[in-house]
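A, B, C and D are the chain letters, set down in written order, and residue numbers restart from 1 in every chain.
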């Protein structure tokens, strides 16, 4: 590989600032919320709970990349407005996924972090477009992306001038079908070793199984992750999508306590 | 899976008409040309050769999805103009890849078929956008897409009203590193068995090795493929990208002769 | 890689002689029979049919490597005796799988070819043991073996003095779950290009789906295969194991006719 | 799946006793030593160091399953004698790999635990043979084995009467080539959730990169592992095999200290 902006050889580790939250600093950052934004009321009620327990950033999907065109595709721009409004009311920065180059400018009015999902990691037009903004970008790993491809995807954003890139490992596609994906914590350790970007882990998609989320959350932190993105819901069984991997508020509280205990040793 | 437009249960097999070429009919369709459009002169010189030997459709990349942002990204709109102009001069329909929703409308002025590349198979915004046109779409399989995900990607296009969808198997990502990808001809046979869409095979990306292209071309036809997309070049060793998998004109002539011989038995 | 016995640089292509059958010669060799030997009577009845239609070698499993210890494990030595007896009665060479180093010597009394199954490709003790005999060995590819590992497994046998090695591609393990395995015909073409060993293809395990076996059989031959190993049964639906991928005698007849037609062009 | 001995529904979690070490109890068990036994002197010198720093079990390979038949295959029975002798001298239980059914009885005289390597996880003859002993068995996961296949492999041993089975996750084969394997900690969490067997993790093979071993060791413990198997050497750069993933004694000391700190919270 040529000399890259993502490489530690190039410069210091990058810390991404989102309002008063630092991603890549000492404190581990917790991003949580429902998979999809279902309504203003339901998002507000979960956001209040998340704020109360100390979650740092609120997540929620407005544009949902669903396998079938006949599945619920998200509330779209209406969803952007809801999460923006809810974030202000509970005083939490928000993150949401954008999938179309034409929505990037608009998104800047509504979200504090733009998420590039796994399915769009190779969408170089989109990467270049978000690279022209100064908005922090959470770049999920493609489901079969190699370390090199993932880093180059980050480089696409940085080469346009936006250094606020956060990587997110969310599991890769393998032959194993017991779990939805195989969480690849090896790369978390590798990235902290050699590269400049902060990295967080999504144990919800990384396992697909609610009962594995607590252990894999701590495991991710010990592999070096700077934070976690976890799907939570007031009533996980009733979540519109990804119910099987969504945890409840009390389960999230327990994970956050454990993260603090283990973090003492770093 | 719900009842889908791609399913044979829904209706007859689809034949896609591109000028006077039928994809999905009796005759196997050969699409060929360089990986990237390098200049008007070089594309014209290869296009003349391809026309002479009976190739049906001219391919060439104007927008190139490269792993590194520092690699040659294609001639972009200038490339679209070149391939359109060359196609007219040699009287061949042309195909080129589009990666950004904002380029779809423009592309309609220049190309006879829009190619959606492997990296954008999950780019649902782009699929919906091309679904709103009537332009034939060649939809490559994502590098780790399951049959179900691939068919649903086609369904995204068809659900918007564009039935002119051609699938293209181009190899999947596996643990095997000897070949660039693993060409999955199983799915070619499966798709011809149960689904309505024509399917062609790209043995260039499917193997990554020039010396395997002739055998895998015939093998693909026998698995049921309706045609082939093959990277060729007047001087393969000097191709700007993908040189290792690019074949020469005489090699292409030999493959086309073999395809004709074997097709007699279907 | 160091200089290897499997390499064409080392010497001429190897033809393996089994009684009066040549594997690796002009004629494509068809190996067929049931997955498991169920009884003398049932094997004899299918063997007579197979002989009649021109199958070259009779297969049948005596030792069955089953995922669960509670599944039928085969008739074991009794099965060896049955296949040996049936082979003599119908005048067909026979092939059966051996899994234990302690059974190799015994097997020499009963079978004309020893099959090393996918699960034992890395069982180097077994490879060395069969390498000390002169019995032809059919070496299936491990389910996630690279080309290099597979060739070295063959080399283990040849280094002990037994040059009668036949490779068998039977599909690899990938993320795709629609088919049981992904048949990797790329490697068939690659092996014919550079290596000395004959190679046959098993489209039954390679697809896991009976309806894909005919197309993939021809496809394999066109990729360069020297023959096919196909699971067949008088009454496929009633096969004790692998019923879903087993074909009937009339289906096999059709495949053999097609193989002959296509072979005319090589 | 049918009702299995490995399932928690069947009975309590299994603790495997090796001399006075308990695997599956409160204390995390550390297994360490060189990849291959090189000589009596070198093994003794590292064993003394390992004993001094509190390692619980000494590992060392006598029979080495190497990809090439021309690579060093281990000291074989001479190696068994060496590790047995060294174990006694330094008062540490020992573990070594057995690959051939004919070596199982002999191994009982020399080793406290028999390791079944990744390449032999599907070697059902070997599994049955070790199942007939009472020797504790460390069963490594096959390089592309699913959870179900791995558990059934354990079941093969237990069904013969030997309940002393320890699982060992050592990374799976995926498309990612940056690391030697992809360590699948998801399954560690899954196994502790639902199954009875103790499980340890091998971060040396699981990453293939020495610099990732410390973080992945702690990460494995937090995912629920009952211990670690780590390749160490007095002089890692000079190890005969697997040098790239072997750590030094001081590095091992640091890992063991961290394991103790983190274990306080379970």
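As a working rule, a contact is a pair of C-beta atoms (placed from the backbone, for glycine too) under 8 Å apart; a residue touches a chain by one contact, two chains touch by 3 or more.
Everything numeric in this text was worked out from a predicted model, so none of it was measured.
Student: Counting hops between chains that touch, how far apart are chain A and chain C?
Tutor: Counted as steps through touching chains, the separation is 1.
Student: Validating interface symmetry: for the copies chain B and chain C, is the fraction of residue numbers used by both over half? Same or different.
Tutor: Here the answer is same, because the shared fraction of interface numbers exceeds one half.
Student: Determine, using the mean of C-alpha atoms as each chain's centre, which chain is farthest from chain C.
Tutor: Between chain C and every other chain, the largest centroid distance is to A.
Student: Just the number, please: Cα centre separation of chain B and chain D in whole Å.
Tutor: 48
Student: Cα centroid separation between chain B and chain C, in whole Å?
Tutor: Chain centroid spacing, chain B to chain C, equals 35 Å.
Student: Please compute the C-alpha centroid of chain A, do the same for chain B, then give the distance between them in whole Å.
Tutor: Inter-chain centre distance comes to 34 Å.
Student: Residues of chain D that contact two or more other chains, please.
Tutor: Correct list: 144, 148, 173-175, 177.
Student: For chain C, which residues are in contact with chain A within the complex?
Tutor: 144, 173-175, 177
Student: Flag every residue of chain A that touches chain D in the complex, lowest number first.
Tutor: Per the stated touch rule, the residues are 144, 146-148, 172, 174-179, 182-190, 192-193, 206-207, 209, 211-212, 215-216, 218-224, 258, 261-262, 265.
Student: Considering the complex alone, what residue numbers of chain B touch chain A?
Tutor: Answer in residue numbers: 2, 65-70, 99-102, 119-120, 122-125, 128, 143-144, 148-149, 152, 155-156, 159, 173.
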